[in-house]
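Worksheet: the structure to be examined is printed underneath.
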Amino acid sequence: MTATIISNLPVFVVIAPLFVAFVLSTFARRIRLVESLVIAVLALGVLGAGYLASLVLMQNGIPITYSMGGWPAPWGIELVAGSLSAFFLLLVSGVSLPVALFTVANMTHEVGGSVRTTRFYVLYLLLAGALAGMAVTNDLFNVFVLVEVATLSCCGLVSACKHPRAAEAAFNYLILATLGSALILGGIGFLYIITGHLNMGFASMELCRIWQDYPHVVWIAGGFLLVGFGVKSALFPLHVWLPDAHSTAPSPASAILSGLAVKGYMICFIKVLYNVFGATLIQEFALDRILSLLGMVAIIAGSLFAVAQDELKRRLAFSTVAQVGYVFLGLGQVNVCSLTGTLFHIASHAVIKSGLFLAAGAIIAATGKTRISEMAGIGGRMPITMAAFTIGSLGMVGIPLFSGFIGKWHLLSGSLTAGSTLAPLVIVIGSVLAAAYLFPIIRTAYFEQAQATDGQDPGAPQRIALILLAAGVVILGVAPGPFLELASRAAVELLAIK
Amino acid sequence: MLLILLPSIPLLGAFALLAVGDKDVNMPFIASSITLSLAGWGLRGVFRGEQLTYTLPFSGPYSPTFQADILSCVFVFLAAFLWWAVSIYTPEYMKKEGRARSFDISTLLTLSAVLGVFLAGDLFTMLLFFELMTISSYFWVIHRRNEEAIRAGYFYLFFSIFGGLLLALGIVFITTATNGLPALGRGSIPPVEPRIFAWGLAAIVAGFGIKAGMVPLHLWLPHAHSVSPTPASALLSGLLIKVGAYGLIRTGELAGWGLQWGNTTAWLGPALTILGSCTMLLGVIAALLQSDAKRLLAYHSVSQMGYIILGLGICLFLGNAGGLSLIGAIYHIVNHALFKAALFLGVGIIYVRTGETNLYNLGGLLRNFPVTALLMFLAVLGITGAPGLNGYASKTLLHHAVSAAAETGLPLMVWAERLFVLVGVGTATSFAKLYYLIFLGRPAKVEISECESRRFHVSMVILAIVMLGIGLLPGLIPQILAVPAAQALGIKGFAAGIDHLAFGNANDVVSALITLGLGAVACRVGLATGVFHWTPPLWLTLEGLGSILCHSLRVVGRVANESYASVVRLISSMGRAIRLSVSSAYRKMNNSTDGALGSITLPGISADAALLMMTLAILIACYTCIDLQLPNLRLPLSFPAWNIFQQLPH
Amino acid sequence: MKTLLDKLIINYPYFAAVILFLIGAFTVLTRSNLFKKLIGINIMESAIFLMFIAAGNIRGGAVPILCQSNPEALYINPVPSALMLTGIVVSVSVTAFALALIIRLYQSYGTTDARRIAEMKREVT
Amino acid sequence: MIDLVLALLSGAVGGLIIAFMPQCGSRLRNVVALSSSAAGAIFSWRVAGAVLAGRTIRIAGTNGGLAWSLHPDPLGVVFALIASTLWLFAAVYSFGYMAGEERQRTYYTYFLLALSVTLGVAFSGNLVSLYLFYELLTLVTYPLVIHERTEEAMKAGTKYIVYSLSGAGAILIAIVITYSLTGNLDFGGGALLADVSPGPGLGWALALFVAGFGVKAAVIPLHRWLPQAMVAPTPISALLHAVAVVYSGVYGILRVVYSVFGHELIGQLGFSHILPWIAAFTILVGVIIATQQDVLKRRLAYHTISQLSYILLGAFTLHPWGLAGAILHMISYSTLKVTLFFGAGIIAKQTGKVNVSEMSGVGRQLPGTLTAFGIASLGMIGMMPLNTFWSKYYLMKGSVAWGKSPLALVLIVSGIINAFCFIPTVVTAFTGEMRQPVANKERDARLMLVPTLLLAGIALLIGLCPGLVWPGVDAVINRFF
């Protein structure tokens, strides 16, 4: 029995949300039931992911493999739950549950009508399933399919509001994302052409053997993948869709988009980069330097843009652009410490940013104000919301005791190990700029004289969601233990592939 | 224990005075009487050759030590006696000035501090009381609270503070150089690092020199002494500046009297000789030009301190052979305290009765003030060195010493000897002028208030009696005080010389008389020709230099501030410019509508896509050019030009 | 020169794919009509599909139906074709979704021209 | 062990009680504030007693590959004692000063939280903990800086936080460099980098450390936040911007020099020979600028900048005597500067006068205050019966013994400029004419005056008997040399 559960666990965590998503639309009118189903399946996901993670941690690096349809590896599609997968699954389930909790009894107002709300949940679960799939898949084409599923559900979430601006943003996003998908598909195609495999492990072995015969093709494949995933995960010059999309979406959607969706593409990119190309090729083709350069540019530029924004959600969206830069910077420093930092940063940013977006959503819902300059004194009126926001900000800035610090610490020490001196500087400047765009919000909220008197903390589920995420920030900062362990193991495994 | 008791009696007196309020108690008199008698009783053992020491049992780096050798005793007695004498005079006088209580408190505190300085057993304790003395006597100077007093007070305070700091620096140098604690009255410690030791001596000399009114550090003295109430002036001139002299003598002791360690200390004697000569000369010249009686006396204090410093310098120069000079200096300290106090008190009486201290507004007061005139005459004779009074004895000793030094043939010493004589003449001239203009000459049109008080005269009479006594028995003080003191300080091998010294030597008497005569003549000439009215241009006077210095300090401060402000402005304007340009750049990127970065609109998507394509193209181009070397992203770890981050070569 | 020409001739499906891709990109870039942009995207995706299928093709290969009689027969690679079926499904769903969005935009703005929508928005703000 | 935890927590607990106590009266709040700062002081003293007696108190753990540790050593407990003791005085003073002010709850909350964080800085046993508390200190004190909520205050607060966070960033890089060189960040043993051969990486680390901590220590090119932060209420200016916050920077530099690099290694880096001159420059420029300020608190602020560099100078001499001077100056200067600030606060509250040029005659109205102020002014010069004499003495001795006598001269010159800076104020306050009528006579100033006079008395006492604080100094020197 246990063996069955274990062996089916990787596919279960993917299938469960997808299945519920399809079922959901039959209960469209009974919104309470829909909500409880969503919460239930996500809670189940948390349990499954937690169990999987503990198994992975106990098994000391031997991944749990599941072959779809019983076809073994080179022919069939393979799902592999290693450290990286467990890490990301835990993250996906851990963040999507509080965000879903936040939507309870709250979305109808924002989205309009219970049918539309149900559709929102369908998309939400599709996205969650796709992200879980990204975590466990070991097949290149499967990556493409899941990326597309995620993209479409993201676009759907962005356009969930009736506002025409949302449709506009969604259309923009869709066009660019499809362009990115096309590039990703092209890149996968090139890899397939020269290696003949879609399974990452086999493709990697083959590539290792023959890359010197087809250097140009490898380069082009790498370039396609870089730009494709760059668009998807909003790497700086390709981030143009993100601010509009993330700021016009409903707040829970923004939270999940900024917090998780972007991270899913990154995880895919990491898999393709390290599992297929491998550390040697990355360095051989100077991908590392390009990545860290792009990352640095993204950190600085994204932060500067964020400082200039007055609209709260736009500021947070640009902050995502900056934080994506850290991940790419970390990917560019090919060593264990940096990769650990990168992965941990992905996790901490997922928790923090979804918390921030939810808090912003709560504020906007309560007061109807979207601009920071109008939010004077909000801290006194919405204490829990602003407390969560403050904790998130502190984490983002990288104050010790909060989750951001640990990721940054590893990034810093990894980039120093890699011998770069510019990278630490940029990381630190990024932190200071993060303070520059987040602390003014806190200052306005707590320390400026209030003109308005409206607004109060949201209802109980929302509060619980905020508290959960804030607690997550603190717990990740104070006791990152198993999470960091998973991240560092994942980093070791990623670098072990030749 | 007694050693702590002595300074604390006046201190307790001061507290008592604070406690009792406005009752009419002459606390300084009581305290100084007790102190005087207690000192007489308690310190008698010192004259039998004992050295009293007492250390407070404090842990840590500093345990205050007190000691009494004969030199300390001399000064303690002198101080207690002078305070006692002056305190008889004070109550009457302070009726005119007002605020008697605060004056008395500062008097008592100052006495405590002065006694503490003399009894201090290490340099720290000495500095402690020295600073306390500065603060307490500062209240004397600003007693009148008018603008002049405040200004003089600033002068006094800042100079004294500077002196204190220099002393601290000197202590630092000396303790570092000798690796030992700076004990006093226990001879000298051989320095480990001679250079630092020499610097330390220089700093200490400068520090005490400020208190002693040594040129060019005397600027505070004339102001402070002339604006403070007369009893305070008497004590300032009589004793406080002697604290500087005491310190210099102790410095000499620390330096091993100049000859033990070669070049480390050999410069000290000549340097002090030069400084002493300058002090003498400049003091007397300035005194000649004064029109204010108290200021004249104050400048004379400078001049007389010059004698003492000269004596010390010669002693250091000659070493053991210069013992005579040291004795002369100590002797002169005692004498000068007596007659200068008497002179100030006399002038004070005139001031109380007439409200005037400008010499040219006074005159012919002999009829109105016969007793005062007589006592003042004695004091004038004393200071000018007339035979039969105390000044003659010490000046003669000093003159002998200077002559002995001049016999070495060193030009410096020869000139010092000549100056010594010249200054003697100058002294006589200026006091002839003082006495003539006050008591003789044309009767002035000043109102004289009635309140002839016996108590004014009592203290002057006491002082005069002592002066006369010393004058008549000139060998007494050297024998019982100065010679043992010098011996205790480590100067040996001159006892014979002192025995031979006959104060009634015809040569000396004649030369003293000639000096007096020349002085009188010069005074006559000066008064007739109006030379005394010559005011030197501002830059020539030391006060002028002082105010220029003051002014330039202020300018330096202002310039520093302005340049700081301008640097700050420059940086902040640069910062603002950078911020503006950056912010306008990214605002442009952020807000432009037609397809730039940052915010996209529907038509903007074309441009965005174009951007995307361009990025792709560039990347592909990068990959296609096979050996593309990306610019190295590493910063250079070491600065190319200046290698401060590198290891030092050695 | 000959080799380049050879390569061109032998790999003609790839070059066709590149040309198609560029046409699609050009359409996305230059047309302000939302429909035309969407069509451009579709053309680009077709280019990728073409490339994949061409990669799977083996000259002279038979239909990949396993034939017991001739196990040594040369088949074309069926995997890319199968993959592209999925790809086409994805593409269709994207197109459908985009069309839905265009309808919503048309309902809000009354036009499908991106430039005019932008102008209208600017007038509002 | 338990003392350490209690010392750390007492402030935070008090702060949180005040924060969450529903609408308490000012009396109750004062009781809580007083008792929690008293508890902080008492437990710090107990910790200090144990540490100086040679016992080891250590609480440590690891957190995600990063070890944290609380491990007070002599240097730490000296800092903790200074801070917690002065906190008690400042608390009492605050009761008088803040009476009738707005936003008292916020004030006391952060006031007490800052105590905990400061003690955290003092007790931290490795660089990570130090960095943590250093960052938290910035955040916790920010609300105190902007307490007035005026535009000026907000600007000052922004400047403060930008400077501090940038500095913290530099420190973080330096810590990471250190970590990558040694893999160990604990202060417990000898100097961390003692076994590392000198190289450019070390130079960078030192430069970054000094620049980072130098922000809080207000070394001159990095000092701009300090004068502006003086818009805070006076107890805050006194305690935080003359002692706790700025000392955390100074303490950081002392740690870096002696615990991270060690005096032997640092002497081999060329950069370390420039550092004392930077300190000397700051000393002189700071005090000269101070003489030109008319607003008393600004004057005090620039003066703070100057005095802090005394401590740095002592630290950079790399000589036991210089270190002794630095520690003594930490102790002495804090008592005197707090006295000065308290005096300025009383003057401002009682008469409404904030400019030096308006202060003639206030001495007659507030004799006790101005007496304390005068004593502290004399102390700033370094006159003998006051405790700063000893610190100055050892500083000078250290620089002379180290072979850099001009640095001793710098201290002397600075002393005389100090005299120009404060003495005239005191003198005119006592002797000058009163120009304007008194503003606020009824206010009961005893709560403010008593701590002020007590501190002046303590300064005198330590000056007369430096043996009182010598065990601490001795322990620090023995720890590092």
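Think of it as A, B, C and D in the order they're written, each chain with its own count starting at 1.
Keep in mind that, in the parts below, a contact is a pair of C-beta atoms (placed from the backbone, for glycine too) under 8 Å apart; a residue touches a chain by one contact, two chains touch by 3 or more.
These numbers were taken from a predicted model, which means no experiment stands behind them.
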item: Most remote chain, CA-based centroid, reference being chain D; value: C
item: Chain ID, smallest distance between chain and overall C-alpha centroids; value: D
item: Intercentroid distance (Cα basis), chain C paired with chain A, Å; value: 28
item: Centroid spacing, where centroids are CA-atom means, of chain A and chain B in whole angstrom; value: 77
item: Inter-centroid spacing, chain D versus chain B (mean Cα positions, whole Å); value: 35
item: Centre distance in Å when chain C and chain D are each reduced to the mean of their C-alpha atoms; value: 69
item: Residues of chain A whose C-beta touches two or more other chains; value: 168, 171, 175, 179, 421, 425
item: Junction residues of chain C, two or more chains touched; value: 28, 34, 37, 117
item: Multi-chain contact residues (two or more partners), chain D; value: 204
item: Chain A residues touching chain D - in the complex, by the definition given at the top; value: 394, 397-401, 406, 408-410, 412-413, 416-417, 421, 424-425, 428-429, 431-432, 435-436, 439-440, 443, 446-449, 478-481, 484, 488
item: In the complex with chain A, residue positions of chain D that touch it; value: 63-66, 128, 131-132, 135-136, 139, 143, 146, 149, 154, 157-158, 161-162, 165-166, 169-170, 172-173, 176-177, 179-180, 204
item: Interface residues, chain A side, partner chain C - complex; value: 141, 144-145, 148, 152, 155-156, 159, 164, 167-168, 170-171, 174-175, 178-179, 181-182, 185-186, 189, 192-193, 198
item: Chain B-touching residues of chain D, taken from the complex the two chains share; value: 198-201, 203-204, 207, 224, 268-271, 273-274, 285, 288-289, 291-292, 378, 381-385, 389-390, 392-393, 396-397, 400-401, 405, 408-409, 412, 415-416, 419-420, 423-424, 427, 431, 464-471
item: Chain B to chain D touching residues, read off their complex; value: 58-64, 124, 127-128, 130-132, 135, 142, 145, 150, 153-154, 157-158, 161-162, 164-166, 168-169, 171-173, 175-176, 196, 199, 553, 556-558, 560-561, 564, 568, 637-638, 643-648
